[in-house]
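One structure, pasted below without further comment.
By letter and in written order, the chains are A, B, C and D; residue numbering begins at 1 in each of them.
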Amino acid sequence: MKCILNTGRTVPQGTSVEHKGSDNYRSVTSAGFLNPVDMMMLGIEDGDRVRLTTPAGYIVLTARPAEGVARAEIFVAIGPYANHIISSETHGTGMPDFKSQSVEIEPTEEPVKSVGELMEAIGGLRYDRT
Amino acid sequence: MTEIWVKNACVIDPIRGINGEIMDITIRDGRIVESVSDRADVIDAQRCLTLPGGIDSHTHVSGTKVNFGRYMSPEDMRAGRTKRKGKMHVTSGYYVPTTFGNSYRYSAMGYTTLLEGAMAPLEARHTHEEFTATPHQDMLANTLFDGNWAVMDAVREKDIRKTAAVVAWTLKAARGYGIKLTNPGGTEAWGFGEDLTGIHEMVPHFAVTPAEIITTMIRANELLKLPHSVHLHCNNLGKPGNYQTTLETFDIVPDLNPDRQTLYATHVQFHAYGGGTWKNISSKAEEITRSVNSKPQIVMDMGQIMFGRTMTMTADGPMEFNLHCLHHNKWSNHDVELETGSGIIPVTYSKKSAVNCIMWAIGLELALLTKNPYQCLLETDNPNGAPFVKYPEIIGLLMSKRYRDEECATLATGVEQRTSLCALERELDWHDIAVMTRAGQAKALGIINQGKGHLGIGAEADIAIYPIRTDSVDPAREYRKVVEGFQKTRYTIKRGRVVSRDGDIIVDGANATFWVDAKVPEDLRMENDPEFIKRFEQFYTVRMSNYPVQDVYLPRGRRIETEVFT
Amino acid sequence: MRVILESKVRAKPNLPIEAEAIIPRNFLKGTDLIVYEGNKERTLSEMFWIFVEGTAVSPENIEVILKGDTSRIKRVGEYMDTGSIVIEGDIGMHCGNFMSGGTIEIRGNADSWLGREMRGGTILCRGNASHYCATGYRGEKKGMQGGKVEVSGNTGDFCAEYLAGGTVHIHGSAGDFPGVEMRGGELIIEGDATRPCGNMKSGSCVILGTVHDMLPTFEKIEQRVLPEWKVTADVYKGDVANRGKGTLCVRS
Amino acid sequence: MIEHDVVCPFCGCLCDDLELVCEGGKIVKVQNGCALAESTFMNDVRLPSPIRRTESGWEDISYTEAIKETAEILQGADRPLLYGWSSTHGEAQSIGVHIAELIGAVIDNTSTVCHGPSILAIQEVGHPGCTLGQVKNRADVIIYWGCNPIEAHPRHMSRYTTYATGFFVPDAQRERTVIVVDTRRTDTAGIADEFVQIEHSGDYAVLSALRAIVRGKASVIPAKVAGVSKEQLIRIAEICKTAKFGAIFFGLGLTMSRGKYKNIRNAIELTDELNRHTKFVISPLRGHGNVYGSNEVFTWMTGYPFAVDFARGIAFYNPGETTAVDILRRGECDAALIVASDPGANFPRAAAAHLAKIPTVVIDPHVNATTALSRIHIPCTAAGIDAAGTAYRMDGVPIRLKKVIDRGYPDDAEILKKIYDRLNGGKEL
């Protein structure tokens, strides 16, 4: 299903933002909020996983229903999950398409990665001694 | 101990009555002294014009509004960029330069003290942060009270003592220097998009008039014995026919202080317009100066405009919106809760515009028609009329009738018919210029006894040595030499250190900020006034305890304490 | 005279080079020019193999040819007033800034800000041009004021923003907001465009392809034949949001 | 011990009325704050000491070593990038700018991925705004456009708008009309008197239509604009024109969606148009605590609010070219210093990935996603918790952040100053 990826701040994202390694941060920034009708169309339920694909790559998220989200839109709290698939193109403005990235959504069985895994996928090394 | 011995200086020091004497100046540890040891560094002034450091008594160089002017103007920033060089940081900008740009360019012109024309108390911290980054001038901040709710309440109650108490508390909280009124009452009206059109019109919701605000604040100012007088940007700025408002305002000013004026009227050029529309605007400089010449209690500054692109910025929000509707360029507005407003728009003053030409002529007329140079000081309301780097040209124009005639010949028609400039033969002399650029400012601001504006023993060693030989230059004919000479000092000495040589800054700055701690009787301390506190906590959006500027923002603060009144 | 500059292999090929010195006039006095790589000053010969053929007595007879990887070289042709520059491959940002005369031909693609604040002369880009093709600088009221920019391929977003004079001709499609804030000049897009001419004040724009997301504040005046293109077009006035008096013609 | 009137450094509201209970050098209770404030003060887990990435993993190093190596990395770079600066005080930001001019770096702050587009719009048309108290005391019409204060600025509505008692608006809830414009029916939309649901990326068209209607040109407007009916648009325009004082607050819904700064420019021009009828102001809901302060400091020092390139000695500014995401995306920079921010989490992957390819140093109190991409991470104080300093609220009001407790970390300004001194050959700033 073709959707627009919309990202934004949320209170749970904000309260865990200084704990990037925490399970809490992982769960709030890897949740994808979809219109319940779209979830039905995809044949998925609350807590199922979806795979979002863009030309920049793909990411697996946990699907959550949200009445306020428009059809053909998926809302994800700002963070490394959404950014994993957002293009770095800024249209000459310095600002990427954080709220207007086209994505293809499909159900998947793949697991949701951790923030550390995402960083290691781009050459990082997680630090988890705190 | 550092000592400097300036030899062979051609000194004009109006406050001490010295006019072109060749003499030595000796400096120790930042002050002028009787003599120095033979280990002193010697500067041979070679009989060049040597003046006390320049003082700008009304300029906009620091704070929220100025920085917003920068923020919105990347196109100006690329107009004046310099690289890091020696002790000099990178600078950007022409009409709204960065703080270092302001500081270096003023220093190159021999200026050592600046009064920021408008500081909203709520945002005072910002002004002081920028003062610290304007390192080569001592700074003072005019503090805005034009729409201050507590002041208007006290004025309505006709309570001069209470008015004084609010002023004292606010000046201390903001670490401000003096009282500034910008379009008094008008900025409050602008809170709902209105303006006032005269000094006897009621401020909506507050039941006071600008005239009442002005007179009560003048009395409060004198009651508090503040070093500076009330500093007023009159109502109706920039409107054709506004000279009447200006004259009415001057007429209500009592003469209360033997040492200085009772009212400082700023950028009067913008307040001296006749006519009723932009089509028939004319100069009323003669009427204005007639009034000022008969009122020693008033000092004004020119508000000269010069042709070219610049930025207008003032606490007068409604005026800026009107100007924006004429120019259709970018417009910023920033009203400050319970206190004041502000507006910013870029403008271009063009020789093709008859209105602009008349404005240009009015500023010069004011200076030439004012008999006592102590009553008409030289400035452009930087950057409103022009960036301050234009001051040398203004000096040239005031000293040379020929220069004025040559300029007039390049202007749109209107100047000859609607101003008297072309008929004015007066040419100011070196002494007049020294008064209009430092001595007059020091007197008007009340900082002579802080060691400013003169070169007497004990004075701060702020000195400008210009590459001008007054004995060989005829300013009436060789005005170009005058202009060039005032653009770059040979030496600018600030508190006993050479900070600038031939236009280059050679040391790190260490300026001071002067502020006034006005004492009030115990029973008038606003910090103990339950009603004041209640209103503050209810309607401001910062807590009263977080409002005052901490001392850490004034690393070299100079507190001027006044005597408590009874 | 012909000056051939062939880019050398660099240790850090992604570092931008700023080379406003590369304009024909400067080669009259030789090839001893300065360019900048990142925050370092370099001589032209550190960055390029330089070949000079023939001589010239006046700059209009000088042709500069850039070869090799030139995609990171910015500001080539800035303030150029005469002569010609040919870029065989891609060129970096700000090619032809403030240009007032002469010609620049880019055989590959051009990065953003091609012909920024141009006053005269001609730029021909045979490939695609990226964002802000033929525009102005941040905060400035006028963009390109004269001359001609022709792009054989497509352009990115904000093409001809603040266009005030001259001609911009895009043979392919334009991205989002071509002609936004236009106040003069002529913009021709043979392909498609999205949200053209937002907030335009004046000037004229012709679009021969499909317009996506046409703005609601353009008032349709008439339908007429555009003789130079031999097509029928809907003619709009706008932008009404802005008291605008511009003309936008879209193929019917 | 109870600390009164503490300033929360989390978001651009900089609420300054918090009460903190401290016991034994720890904050044990936060009063008056929102959930974000509470977690900011209460769950403050720090990186204990500087760390360095080696072939075999992370090792602890001393501050001296970390500072020395950082200076060496920056000294040798041909195009260093200094990025971040929003979650610290002005004192640190100002040293950052001095480092940038000294070494010919690009310095950018987080507004680049936040309200950078708002700045670009303001540079085109200006900004009719005011301090938040003006809105609190006067506004009878509030518009939240493309923002969700309930989630991002939780006390904005109670301190300044919807629920705040103002001098001219004593009964706020009854006297203020709240309009919310968004693509999503957010919680904020739930409390609106009027909710305008716009199709994705339709903001620009809707703003243009409103401008035309306010100008009396409703006849040109079609029946529906980006999913919004003409009737609703006319109704909104009428509410605005008849307001005594209207205030538009906008957020990332305008800055990040298609068209970017053009959306904001259009909103500002609508505000401008409305000022011909009544009083109207517009303000961005600025995000991270002191991001606006970084714009202020950069501006008075360099002339530009963000994205400043000192490669040529002078300051050059061109967002899209000198902005952090673009420089990283093109792989231009060969060293990076990240201060008080987390581009690892907040930048698109391709941009963040470049940080791992070059020597990157992080100066930040907390372990974050960028830590994993860095070579060195130096922990420091957190401004507003264990360090005092200046911050600028979203409306430009400067507020002094307080030092509430001491946790034994060096201030980032102090670390940066040491780096500067090393880069400057031992000469002090």
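Assume contacts are C-beta pairs under 8 Å (C-beta built on N, C-alpha and C of every residue); 3 or more make two chains touch, one makes a residue touch a chain.
Keep in mind it's a predicted model, so treat the numbers as computed, not measured.
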{"item": "Chain centroid nearest the full-protein CA centroid", "value": "D"}
{"item": "Between A-C and A-D, the pair with more C-beta contacts", "value": "A-D"}
{"item": "Distance from the mean Cα position of chain D to that of chain A, given in whole angstrom", "value": "22"}
{"item": "Averaged-CA centre spacing for the pair chain D and chain B, given as whole angstrom", "value": "34"}
{"item": "Where chain B and chain C are represented by their mean Cα positions, the distance between them in whole Å", "value": "46"}
{"item": "For chain B, residues that touch 2 or more chains besides their own", "value": "72-74, 76, 78, 330"}
{"item": "Residue numbers of chain D (touch at least two other chains)", "value": "120, 123-124, 258, 310, 312, 317, 319-321"}
{"item": "Multi-partner residues of chain C (at least 2 other chains)", "value": "112-113, 131-132, 137-139, 176"}
{"item": "Complete list of chain pairs which touch one another", "value": "A-C, A-D, B-C, B-D, C-D"}
{"item": "Chain B residues within the chain D interface of the complex", "value": "62, 64, 67-68, 70-74, 76-78, 81-84, 89-90, 92-93, 97-101, 122-123, 125-126, 129-130, 133, 190-193, 205, 321, 324-325, 330-338, 344-345, 538-543, 545-546, 550"}
{"item": "Residues of chain C touching chain A in the complex", "value": "112-113, 130-132, 156-158, 175-176"}
{"item": "Touching residues (chain side chain D, partner chain C) in the complex", "value": "77-80, 103-105, 120, 123-124, 204-205, 207-209, 211-212, 215, 217, 220-222, 225, 258-259, 262, 265-266, 269, 310-312, 317-321, 330-332, 334"}
{"item": "Residue numbers on chain D that touch chain A, as the complex places them", "value": "10-11, 34-36, 38-40, 43-48, 51, 53, 57-58, 112-113, 116-117, 120, 148, 150-152, 154, 183-187, 189, 197, 199-201, 252-253, 255-258, 260-261, 287, 307, 319-321, 323-326, 328-329, 342, 344-353, 356-357, 365-369, 371-373, 377"}
{"item": "For the chain A and chain D complex, residues of the former touching the latter", "value": "4, 6-11, 14-21, 29, 56-57, 67-70, 73, 75, 78-80, 83-100, 115-116, 118-120, 122-127, 129-130"}
